[in-house]
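Have a look at these structures, which come just after this line.
What follows is subunit A paired twice: with subunit B in the first complex and subunit C in the second.
Now for the complex of A and B:
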């Protein structure tokens, strides 16, 4: 691994300095340790090049002061569990992300310019994830919320099956290729199976057989439209898209999927 | 029947659960490639395995003896080799035999002796009409079930399986696989969680020129095994992947079903989805489930199946194990992780995540109607997920 500037122990790094790392052939533990020690020395802006499968990026930055100002720009294909348990930093991937992105993430932001794999946002409890492309199976499973900590995921493309399964809180917005100027494509199956909290907002038609028995469908309320527009505006600014398109969204067919009951299985095991 | 439980199943478990890395690469123009790239790709997924199993299948690696069956046999004792060679001399014409060259490395401990024999089956003592393939398969089962400490782990023509206990990169070093050339390579890194890793239990599993590498768990192992036993297959490894290899042999080779149909038998849509299909498609799936229901593979799995001319990457119907496909010119890649594909081929024409239960099929070019890359129509309009290039 090579550093743009040699950092000696005890050095203070200016938060404005961009630290460039070359991850070629570096084991994920070494890479993450290096990032942590640089962040402890004050570094806040990182560019990490040639990332091929290194896991848990952004995870071990817990406890660092001002960690919400840490920004990792990742070039390549980061490994699974990127941003797992992350608490504050921003990760931006120029490329695709693999599986389990933002696993049980607590706070912070993940921006993926390509697509992401399966199980994105699993058990997520706070923070934001923006994916410009598509996402795989079982995304947003068991997301949850508490008081003002409401995790939010915005997906530019579409998703595969078991989307929002057992979802307990938070929001997911699926734009279904709106910004590519494409008509919505058919959504996946088993959406929101076992859902008991939170909201999924999807562009395009959703048929009854595609959703779980625990899911209700309605149109978003005016208050919900404000939330959708706010996060889609964020989506535009992180990906450099024209923000004035956001108001065109309201002309589209948009559905809100919600949990019919907070305790769908409450009577199942009661005698 | 020899006692295999000592070596591979001390607690007599019905099945083995594993969680592994798989990688496949096929040049559909038939051009041969050294093992270098595949070794780099599979070792990039080091984290998925635990060093208790690694292996490779190479197609096109014995062009100078392409007409002979190449038997790779591992011996744990000298006596087992003597006994096996007596058997081989009686039932095969051995055209060439040698110890497989190995390069001892500290990481590979107590390797068995590995030999290869290029053979043709003898017909003299056979009093029935039987194909060469069936005869060779029968002899392979005979050795694997009756000679202690000897195990045939590869038996196809112009192809070979190389496997053992270690990380895949260590196994590659042990066998010197950088110096082998093939147009299809599949590779596996193992994470056995229920039983010890042993040499025979590493992937790929093979019979004749069919090989399987597998990540996941076949929960239906018991039902599948009982069905296969009715057709004479003997499960000797007590690992779930074995049933996939024999099921492919039964369906694709013996029953001559197209590979798409075989995969539809393994991962049919759920009944609820079948009910919504058009009549013809619905009847097709209903028929498959009636006739071959016991070969439905349940549980989470991703597999790469290969034989000469074809490489198939496939997952369970709700894709509980990962699979990514990539295309660069004539070369098709399939992998547990995208990063491994990009590491060896940064400029891809296409990358996609297949729909669960719908195979990606790479075929040799030049055979009419046989040069497609993706097979199996997604049910009900679901689309493979393009993830850009």
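Now for the complex of A and C:
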């Protein structure tokens, strides 16, 4: 691995300095250790080039002061479990992400300029994920919220089956190719099966046979529109899109999917 | 109460002894007792009795006798009373039958068919009262070979944890058990130098000071998980399966999610805590490898990562995959493993006995030359120190105990954990009941149990002329089978008694 800066023990790096790393041929463990030791020395801004399947970016940045100011700009294709268990940093991928992005993430922000794979945001309990393109299967499973920690995922494109299964909290907004100027595509089955909390907002039609038995369907309330607009405005700013378009969203058909009950399996047992 | 069922137990009160102090009424959480002021008598609702014996034990004059109800249907070897009652219950409710604790069916208990060796004449036995006996156990990956540097043993670069005795407390979550029970386990493990397991219900902040005695779980529900949760602990365990209910998830009903439990699990008060059956990021051994290494990254490779599965038919092949996926500790939970709540049909019919699974897994890993890559921990059906000794001789590094630990806190195995009404104050969140476990006394009882079993293991070692538990590990020559068929002896890898 070639480094822009060779860090010695005790060195202090200015948080304003942009650290450039070339990840070509580097094992994930070494890459992540390098990032951790640079962050411990004070580095906050990273550009990591030629990322090619390295896993767990952002996971090991635990216990570092001001870790929510750490920003990793990732060029290439990071490996699975990017931002797994992550607690604060921001990861921005100029490219596509693989599976299990933001797995059980606690806090922080993930921005993917391309598409992301399966199981994005599994068990996510806080922070934000923005994906400009599409996402794969089993996204948002068992997301949950507690007090002021409400995880939020915004997807520019489409999603696949088993979306938001067992969802217990948080929000997912699916724009269904709005910013590409495309009409919404109707797809994905088994949406929200076992859902017992949280909300999914989908642009375009969602039909009864696509959703789980535990899922209710309604139009977003005015308060919910405010939330949608706020996060779509964030979506626009992270991807450099025209914010004026957010106002046009309200003309689109949006559905809110919610849990009919906090206790979907309450009457299953004989005592 | 269901209308078509007979009471399971009879409550007999010796009126000559009864002083009508009404202790029984206050102690019973299942609403068996009442006082009829008009006639000045205690009344019984026997159909509610679960035979937990709380009333009988606390009755100051020993006036109560709880026994099996003698009512019987016409005797029938096929249609036992249990089958008939269960069927009627389901006809009335249309629900899945729930139960608690481990399988109570008379499947063969292999521990009782295995006997331990002793030294006579040719190899002297050792008196543990006078000579040092070593029970210290290390869990974690062991190196393939030893390396020397400057004439000294080079330090291992794989993390391991040290136990004073090869007995740990198995996973029981705060939520399934009360806070006082949970904290008693934490304190006792810390005091004695072993580990307790938080289960998947999170880990209250104020108990983090017992971190070096703590295994934290990462299960499919991912409750209460953040990076502090992992890094404050000594071991991280991925829970795939549980012996009492292999292949299905968990479900803490919303009414048990109180304020403190909601904080600990990081979910809203009153909402169901549902653990999906699989981890949705694990559909293969490769995916398991991914999560194992995610946890290693999250903890900077400082601690062993454990993976727990239930003992199922192809456990050896799965265990081989787990070891290759990077698990430092693998845990097998057998057919008789306990639980706070499980469908009865699963608890009693799914999985295999731990003795057979343990021997098969150990053999497989040895044959493949990877046994040292991971420590092997077993649980589910350990009842006494001889079971621990036999498990270690069959190849285990250590054991988890769950039910025995709860018994030390008062449990009488009435199997009603799932009702949340535990009269002994263990598997309940009702503040009136949870006070019944005093954490000081609970800690003391658990430490006593560990001490007693450890002393007995030392005696068993001594009688075999062995002074270190390490020499028993996988030493199947210490064991002989009795009343076993050849395939059973072959699976256990032991000879028959007299051979």
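Simple rule for what comes next: the second predicted complex is superposed on the first by the 269 of 271 C-alpha atoms of A that agree within 3 Å, B and C clash if a C-alpha of one lies under 4 Å from a C-alpha of the other, contacts with A are read in each partner's own complex, and residues count from 1 in each chain.
One rule holds for everything that comes next: a residue touches a chain if its C-beta (ideal position, glycine included) is under 8 Å from a C-beta of that chain, and two chains touch if they have at least 3 such contacts.
A quick note: this is a predicted structure, and the numbers were derived from the prediction, not measured.
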Partner chain(s) touched by A:134 [first = subunit B, second = subunit C, both, neither]: first
Contacts of A:53 with subunit B and subunit C, given as first, second, both or neither: first
Partner chain in contact with A:80 - subunit B first, subunit C second, else both or neither: both
Contacts of A:177 with subunit B and subunit C, given as first, second, both or neither: neither
In the superposition, subunit B vs subunit C on subunit A residues touched: C
Subunit B versus subunit C as contact partner of A:98, first or second or both or neither: first
First (subunit B), second (subunit C), both or neither touched by A:203: neither
Contacts of A:122 with subunit B and subunit C, given as first, second, both or neither: second
Touched partner set for A:256, first subunit B, second subunit C, both or neither: neither
Subunit B versus subunit C as contact partner of A:114, first or second or both or neither: first
Common interface residues of subunit A - those touching subunit B in one complex and subunit C in the other: 28, 55, 80, 99
Subunit C to subunit A touching residues, read off their complex: 89-90, 92-98, 218, 220-222, 225-228, 230-231, 251, 253-254, 262, 266-268, 270-272, 274, 276, 280-281, 290-291, 293-294, 297-298, 300, 418-419
Parts of subunit A lying in touch with subunit B, wherever the complex brings them together: 28, 51-53, 55, 76-80, 96, 98-99, 114-115, 117-118, 133-134, 136-137, 158, 160-162, 185-186, 188-190, 209
Subunit A contact footprint on subunit B (complex, rising order): 44-45, 47, 272-273, 276, 318-319, 322, 324, 337-340, 342-343, 351, 353, 355-356, 380-383, 385-388
Subunit C contact footprint on subunit A (complex, rising order): 28-29, 32, 36, 55-56, 59-60, 62-63, 80-81, 84-85, 87, 99-100, 103-104, 106, 119, 122-123, 125, 138, 141-142, 144-146, 149, 165-166, 168-169, 194, 196-197, 262-271
